[in-house]
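In what comes next, subunit A is part of two complexes: it sits with subunit B in the first one and with subunit C in the second one.
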Partner chain A sequence: MNSSNKFDILRMVLAVGIALLISFLIILIASDEPLRAILELLTGPLKSTRSFGNVIEKMIPLIFTGVGISIMFSANQINLAGEGSFHLGGLVATYIALNAAIPMGLSPWVCVLVAGFLGSLVTAVPAVMKIKTDSDVLVSSLMMNYIIVFFANYVLNYILRDPKAGAVVSFAIPAHIQLNSIIPGTRIHLGLFIALAVAFFGYVLLYKTKIGYEIRITGENMDFAKYSGINVLKVTLISQLIGGFIFGVGGGVEILGMYSRFSWTSSLGYGWDAIIITTLAKKNPLYVPFAAFFLAYLRTGASKMSIATNVPTEIITVAQGIIILLVVAEQFLSKYKHKMIAKEARLSLSNAKEAE
Partner chain B sequence: MIVDAILSPEFLNATLRATTPILFATLAAAVAAKCGIINMALEGIMLFSALFGVLFSAMFQSGILGLLATMVMGGLIGLLLAFFVLKLKTDEILAAIAINLIANGATILILLMLSGDRGVSSSVKSVPLPRISIPVIENIPYLGAVISNQNVLTYVSLIMVVVVHIFLYKMPLGLRIRAVGENKNAAESVGISSKKIQYIALVISGVLASMGGFFLSGGYMTYFTTGMTAGRGFIALAASFMGGNTPVGGFSVSLLFGASSALSNILQLGNWPYEIIQMLPYITTIIGLAIYSYVRMKKRQKLSDRG
Partner chain C sequence: MSHNVLEMKNIMKIYPNGIVAVEDVTLELQKGEIHALLGENGAGKSTLMKVLFGLESPEQGQIFLNGEEIQLKSPLEAIKKGIGMVHQHFMLVSSLTVAENIVLGIEPKKSIFVDMNKAIDISKELAKKYNFDIDVTQRVEELPVGIKQKVEILKALYRGADILILDEPTAVLTPQETEELFVQLKKLKELGHTLIFISHKLDEIKSICDRATIMKSGKSKGTYKVSEISTNEMSKLMVGRDVVMTFDKKPLSLKETALKVRNLIVEGTTGVVRVDDLSFDVKQGEIFGIAGVEGNGQGHLVEALTGLTKKYCGDILIFDQNISNKNINEIRKLKVSHIPEDRMTLGCAANMNIMDNLLSNQYQSSEYSGRFMLKLKKIEERVNKLIKEYLIKCKSYKQNVGMLSGGNIQKVVVAREFSTEPKIIIANQPTRGIDVGAASFIRQRIIEFRDAGCAIVLISADLNEVFELSDRLAVMYKGKFSGVFTDVKKLTEEELGKYMLGIKKDEVLEGIIYE
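Let's turn to the complex of A and B:
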């Protein structure tokens, strides 16, 4: 491992450490029993099979979103409409599960695939707008997320809503279409395998295929990609279609695995979670499950903490922001990096001299 | 029925009111864009300001002092963004996303810690800024009903369009900001410190955005609720862009968004499904953005064909 990589890891660990320290400080101020709160945050998820199950359950959607955004960010497309793709994916999977007569056994897969296709349409809108009208992907993708949430609310209220249920929720999804739980005592479902497979697929796509290479080259230097004969428009579009597809599948899997009725009436924030995951995973889908595990662990700890004490779970949102800031800040600890590289260079120089 | 409602002075009055927060944020986006930085943290700055506007004005028991304190805080967040982007070389979009995330979480935490309220600042006795009626003008038929009896900040936002215009186009500092945004190296070569100028521009941007945030909880509404900015910071980015990042252009586009927001309030009275109406400001933004960008692209192509 060269010193630059070593440094990256060190910086990430420090960033996470600092973010947690700040969170602890906030807990110290906010809570009447800060030690108990911090203990719950750190060890709560380990206390029972069920709690640890919660970590894995929470990790599943985060893997999808992390892989989806990593593929789009690798092409340097700051398309944030994945949030909308995920939301629509959940809605579409519910709609099909409730309305289409599909042979048993096939149903969850059909639901999830169609969710993926419609999810890719959501991220395609900003992508195509960029290509056809040269409009900024960032802004149009953000607008898509709001439009999708209201659209989903419309479909939920006027088409899918179960009037007999007390809350605003859809009719119940038949049990045979739901993704089965695979570990007794938890709600960990088949989606875990799909998510891990998607992460592996994402890695192979980005690092072992021609299109993946083109995506990364386009992301690193679009002009260079153009001059080397890569069709950059096609490549950016493909990266966003695949990214949206994965977000959509994630939404479908989440609904069929964790819910029995569609009940999302406001933005879930998965689009923002995806950013911290791809930041920690350095845009590599292979590292995404680890980053997702980390975030899911913190989230589960936070919800255990908020049940046991009076500290709200939002503290993790703050920590998330701090981690992104510190990890992405190139100059954070850069003096130290410089020293480390210089030291290594001196070392190898003296080694070379000794060899002579 | 809808046409009558749109032509009514009440509708135009509501349009101005709904435009105010977007207008402040659009001006903020324009100042940042002029120095070459996309300030996507507007959303977070506004959210923080909406909360602190309520808290500060309750603390001082004065709307004006509350506003001033909030503006200082907005400037500080702008400074923080500048520090990360300029000093620590953080990607400006990711830094802004981080600030927005922190705003989402921290506003809820801070409100809970200071007042015990969850999500809505119902127990905070804040002092919103008043509406004022303008003598003479209020008596003019129609126009009076449109322009008079608005919140103080609505008038301030209109004045700020002129102020920011003069600042950017008639004052030395504004000229420097534009020079840095157009071509950093050229600006550096005539002795302008581009970093210093960008720091200043982002602080100004933060102050302007904070005024929009203050208006949300101390004028438009009289309390703070979680996530009450509802994407206005993002809409402002689009508005500023479509207005060519000029104050006057941005003003006309934000009027359009204000109108679509006010329209969604009117349509609620009709038979339209509420969810579809809520989409209006966002659909307006996305379509407007597409049309504007398309026209701009064609113009550029024509120019380069000729050249």
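Let's turn to the complex of A and C:
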């Protein structure tokens, strides 16, 4: 391993460490019983099967979104419409589950796949707009999310809404279409395996296939890709179709695994979480489950802490922010990095001299 | 004329990619001398000067100005201490006038406004004092390169530069402009300025420098009085062996015409005609050299030939197939390889590893991939073979290309482009800014491909290169060929310079088209 890789790992660990430390400091100042709060934050998720189950349940959607955005970001397409894909994916899965007559064993899979296809259409809109009109993907993809949320609200209110229910929710999804829980005492569902498979698929796609190679090369240096004869427009579009598909599947899986009725009426924030995940995972889908686990654990811990003490869960949002800042900040520790490299260079110089 | 006005002691500079650019170098400047800093590309001359100008902070070493130790953290501090630099690539605002450029940042003020008249007066006076013949009210973008350089020099002088660093000032100049520059540099010396003259051209150093410090791969090879050292000795110190610049070439054996260009016109982004009605043929088995000062349309010509731009009129035929409707991929499939001018923007992805970079023109072949999957085992074998064959210095193929030295990055580009059994090679500045070893290795390869019957178009600003390699040589000036030479050996540098500058121009170009 060369010094540069070592350095990246060190920076990640330090970033997380510093962020947690600052959170602890804030807890120390804000809480009446800081030690209990910190203990609860760190060990709360481990205290019962149920709470550890919460970690895994939270992790599942984060894996989907993390992988989806990693594939788009690898092509350097800052498309944040995944949020909308996820939302629409949940809606579509619900719609099909309630309306289509599909053979028993197949139905969850059909729901999820159709959710994926429609999800890819959502991310495709900003992608096509970029190609046809040169509009900024970041802006148009963010706007796309609003359209999807309000469209979903419309469908929920006027088509799927169960008038007998007290809140704005859809009719109940038949039990046989829902994804089964796989560990008793928790809500961990089949979606976990789908998510892990998607992460592996994402890794193989990016690092072992032709299209993955094209995606990465286009993302790293688009001029170089063009010069090499790669059709960069096609590649960026494909990356966003695949990314949106995975987001859509994620939304479908989330609804069928965790809910019995569709009830999302506002933006869920999964698109933003995805950015945190892909930053921690360095755009590599193989690392996404670990990053997702980390974030899910932190959040579960935070909610345990807020139940047990008077410290609100938002404290962990602060920690997230600091981690991202430190990981993304290229200059963070750059002096130390330079020293490390200089030391290595000097060492090889003196080695060379000895050899002479 | 004996005390040291400046001393740099034991300077060491290591770049972020781990390359030791300068290793324990000491440089002493005497007042009022022209001191040559001599060395090949990549020897560390520019880096050493960047340290002196406050652009890079050294890992080790001290700088003394008039016996006093100084710390230079930024160019601003260097300027305040009377050190000026004329960069190889000019740092001028091209939309402003000469006078505006000269006073930029320290403008004479009339209340809160810039006193333009005073600025013009100051500039005029300055130009007069140093005997520079410049119209200070002209916009910089309208000026030829030689004048722009003078503006750069005046800019530094206006900021009170006693010590003036000139980074390869003649690289962009024609022989005639060079002579004019030398007259002015001598004048500066008379007026008491101390000059550092960075170059790798021995005859220039002989003609105007007093002393020379010779650098080779980051180390100093000593300081010598120019009058007491021969050019042969200098070149030995510089290269470490006698400069072998002749290559063994098999006698010319021309085969079928590979490339046919007829009435090619390419427009630049601003609508200016960059390539103006060019026609030429290139046959298999020859190296067709295109010499010229950079920016005379060579880049646009290459873009058209390789499919990077489709905005051209006229015909380009590759093995009798018109490429106007073919995309880059289809052109590459006609066995065309392209060594781009700028390896970092077009030639590689710096943050990807060597394997990924060597693969970009081959991953589609059935040997290295199936319908969807890459055949990574085969690719790995191939990549390791190429690294060995092209002597790419690296730890393994997993190293990012951006971490390699310039010469090794260029070898990666060349290895990739040459590994597809090309029938036509478009080589645009194939050895620019890399060390001698890598350069002669690449040139040797180009000749091997020529001998094997490849058609090669070599675009280069390096006269040595076009002279030694070309079988036929054309000179490009303002989008046209100003001359074509079928017997390159008979041509002198002086003569070529005239064609490059447009002083001489042949109306009838004999031997440009085969019939």
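One rule holds in what follows: the second predicted complex is superposed on the first by the 345 of 356 C-alpha atoms of A that agree within 3 Å, B and C clash if a C-alpha of one lies under 4 Å from a C-alpha of the other, contacts with A are read in each partner's own complex, and residues count from 1 in each chain.
Note that a contact is a pair of C-beta atoms (placed from the backbone, for glycine too) under 8 Å apart; a residue touches a chain by one contact, two chains touch by 3 or more.
Keep in mind it's a predicted model, so treat the numbers as computed, not measured.
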item: First, second, both or neither for A:I159, with subunit B first and subunit C second; value: neither
item: In the superposition, subunit B vs subunit C on subunit A residues touched; value: B
item: First, second, both or neither for A:I324, with subunit B first and subunit C second; value: first
item: First, second, both or neither for A:A342, with subunit B first and subunit C second; value: second
item: Contacts of A:A100 with subunit B and subunit C, given as first, second, both or neither; value: neither
item: Partner chain(s) touched by A:L21 [first = subunit B, second = subunit C, both, neither]; value: neither
item: Which superposed partner A:F224 touches (first subunit B, second subunit C, both, neither); value: second
item: First, second, both or neither for A:T133, with subunit B first and subunit C second; value: first
item: Touching partner for A:F150 - first (subunit B), second (subunit C), both, neither; value: first
item: Contact residues of subunit A, present in both the subunit B and the subunit C interface; value: none
item: List of subunit C residues in touch with subunit A within their complex; value: 14, 16-20, 23, 59, 306, 308, 327-332, 338, 340, 345-352, 356, 359-361, 363-364, 369, 372-374, 376, 395, 399-400, 403
item: Residue ranges of subunit B in contact with subunit A within the complex; value: 38, 40, 84, 87-91, 93-95, 97-102, 104-106, 108-109, 112-113, 118, 230-231, 234-235, 237-238, 241, 273, 275-276, 278-279, 282-283, 285-286, 289-294, 296-297
item: Interface residues, subunit A side, partner subunit C - complex; value: 2-4, 208-211, 213, 216-217, 220-221, 223-231, 337-338, 341-342, 344-346, 349
item: Interface residues, subunit A side, partner subunit B - complex; value: 26, 29-30, 78, 125, 129, 132-136, 138-140, 142-144, 146-147, 150-151, 153-154, 157-158, 272, 275-276, 279, 312, 314-318, 320-322, 324-325, 328-332
